[in-house]
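The structure appears right after this line, and notes come after that.
When the chains are written out, they are named A, B and C in that same order, and each has its own residue count from 1.
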Amino acid sequence: MNVLNEVLAWLTDPAQWSGPDGIPVRTLQHFWYSLLATAIAAAVALPIGVYIGHTGRGALFAVNLTNLGRAIPSLGIIILMFTIFGFGIAPVLVTLFALAIPPIVTNSYIGVRSVDPDVRQAAEGMGMRGRQVLWQVELPMAMPLIMAGIRTSAVQVVATATLAAFVGLGGLGRYLIDGLAQRNLAEVVGGAILVAALSLVTELVLGRVQTLVVSKGLAERGADAAVRAKVEKAA
Amino acid sequence: MRRIRLGGVALAACLALLLAACGGGDDALEGGTQPNEQSSVTVGSTNFSEQLILAQMYAAVLKKAGVDVTVRPNLGNREVVFPALEKGEIDLLPEYNGSVLSFLNPDATETTTEEVNTALTPLLDGKGLVALQTSPAEDKDGWAVTKETADKYGLAKVSDLKGKASQLVVGGPPELETRPAGLPGLKKVYGIEDFKEFKALDAGGPLTTSALNKGDIDVGRVFTTQGAIDEFGWVVLEEDKPLQPAQNIVPVGRKDAMTDQVKQALDAISAKITTEELTKLNKLVDVDKQDPEKVASDWLTQQGLL
Amino acid sequence: MTDGPAPVLAAELIRWSWIGDHLDDIRDDLLQHVQLTVLAVLFGLLLAFPLALAAIRWPRLYGPILGTTGMLFTIPSLALFILLIPFTGLSTSTSLIGLTMYTLLILIRNIVEGLRGVDRDVREAAEAMGYTRARQLLQVELPLALPVIIAGIRIATVTTIGLVTVTALIGQGGLGQLFIDGFTLNFATPIVVGIVLSALLAFTADLALVGLQHQLTPWARSRGR
């Protein structure tokens, strides 16, 4: 197909890879918006999810938050934020932040909650108090799910950060918006491929981080699978 | 137990909505995918308020003339909407002769109304389209700065930008960088050097408005009939050299849909609409947030066209 | 320096009179939204089932199917719709094709996982009782896989409700039209209405599907979920 050739030509054109409009710059902008939003969201959502998991209060909220979060249309949020804040990075950050919170809260909650009660009892039997149980037992055991939540959020955020271009900012979404405006289909396809690639890279990198962060003992015992089964039942 | 009952209620609600959707909502889904007959006209528009007003005006007079009309507003920007016209998904668009010309021929350099119309006719003809009578009203492309910027750099005419552009950030639609009437034109006709930075925003839309007001850009591409100009006290730089083409409002439609009846109804509007009138109407929608449909019908009634 | 958008917040986030004047448009947008969602999920189901069954029958297909669908999912929806325009125009077909692709991706995964998750013993018992393959599938495996499948339908439905708003950028949009209106007019009311309604729609649909699940799996009820 002719379009495929044009896309390849566009992607391999050296002009695309340099300058303030080049792919590297746009990718960095895209990555920056995503990183900022996900990091802040994790900083807020993790403690909340863990707290709910540890104390059991607000469980209904945590379990359903992901479903509710999926119901909020990001396009609407960013347009609303633009109407309130005007031009600038605020609309993008608020929207992506809102998008990233639900999976992290829900997964952190389930992760902590589904720690085997026997293990918790054993820890208490060993003389550990609430906070120690949390930090030394529950959190490490919840890591697989917590990381899964962060991964899910990050990938969603990267895919949605294309909206930044809609409110006049940078990022890979520019290729979609500009390509549409200039009727350059190759640019649109190229941009889409780049976003998909960045999402994939995010997924892979965070997957690697997960294997590093999760304690070897857990990984070997296949705790991941058991916990995943619990998640499916709760969903 | 409670969950089941709530679920049951929700299920019932969904079913009810579904039935309503199947029954009464067909109009909402239709529009644009049917073949067009002589007696029905689909009016489309892009997504800014002037377009919405004009589309509603066209629809109103056509309806009065006994034509079956469907309005499909807010379809996107011209890049998306014009092909729809070519394909027959819509039959009629409120357009600007200069913009259509540069859309169909990006290298066009004609500037006066007559020149533009003459150049436009064969281009449209080749696509099965026709431009009806152009109106005296023009919505030209302009360069706007805030009053503060105008005072600070002493800007009143476009040629005042010379020597100062390198300190200024300019914003506008993405194609501003490449179109002859855009940045290249400033260089070629006025000898203005490169701006400090170009930000791709939109064409006279909310992004450019916000960025200009907040100082993220110093010079913005605007449409001269925008309500925002008065609302925020912007200064539109005077075009002291011919660069921007004429931008007369003109209905562009598919030849087979532009019957004499249709032409007559639309020409009546084109004869009466002026730049001042259009600017006033835009203000009602942009600033007072009135409904484009209401603004259109009020004006038409005033003019004795409805 | 005047800051254009700020007065919007100060003045009115919701102008109730606007809502009153535009009930018809809002209703049309809502209906269009529902139609697009329902059709996309239905078509997605119709297409996902055979593909899922194929993936189970020939397990070697599953990896590639999952991989491709997973990758397609990362393509920004706006790009997909834009790409379809030259082929199917500014019509509902464009929106539907794009939306169905996304529901397909979600549903295949869940149908396969659901069917796979049926206890081997149960399947073998059915086989031992003389059930044909087809009967096994319809009367044993499918019902048992229902919770996971419906979970997938729930996700697909809620996700689609969000995606439909993106089609506003190509002239459709359902409730997304309200976002465009608010954007071009710099007016918060239609945007808020659009957000609230699509959230409510998603919430209602989700609840309804959970209710459906409870109806269809009576054996799960007695276990006191």
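General remarks:
We adopt the following convention: a contact is a pair of C-beta atoms (placed from the backbone, for glycine too) under 8 Å apart; a residue touches a chain by one contact, two chains touch by 3 or more.
Source: prediction; values computed, not measured.
At the centre of the protein atoms shown, by the Cα-centroid criterion, sits C. The most distant chain from subunit C is B, comparing centres defined as mean Cα coordinates. Separating the centre of subunit A from that of subunit B, both taken as means of CA atoms, is a distance of 38 Å. A separation of 34 Å divides the Cα centre of subunit B from that of subunit C.
One finds 20 Å separating the Cα centroids of subunit A and subunit C. Residues of subunit A found to touch two or more other chains are 82-83, 86, 180. Annotation for subunit B: residues 80, 206, 210, 213-214 touch two or more other chains. The set of subunit C residues touching two or more other chains comprises 3-5, 86, 168-169, 183, 186-187.
The part of subunit C that touches subunit B in the complex is made up of residues 1-5, 15, 18, 21-22, 28-29, 31-32, 34-36, 38, 85-86, 89-93, 168-171, 177, 180-181, 183-187, 204-205, 207-208, 210-215, 221. Remark: subunit A residues 82-83, 86-88, 167-168, 174, 177-178, 180-183 touch subunit B in the complex. Those residues of subunit C whose C-beta lies close enough to touch subunit A in the complex are 3-6, 8-9, 71, 74-76, 78-80, 82-83, 86, 148, 151, 154-155, 158-159, 161-162, 165-166, 168-169, 175-176, 178-179, 182-183, 186-188, 191-192, 194-195, 198-199, 201-203, 206. Residues of subunit A that touch subunit C in their complex: 67-68, 70-77, 79-80, 82-86, 155, 159-160, 162, 173, 176, 179-180, 185, 188-189, 191-192, 195-196, 199-200, 232, 235. The touching residues of subunit B, when paired with subunit A in their complex, are 77, 79-80, 171, 173-175, 178, 199-202, 206-207, 210-211, 213-214, 216.
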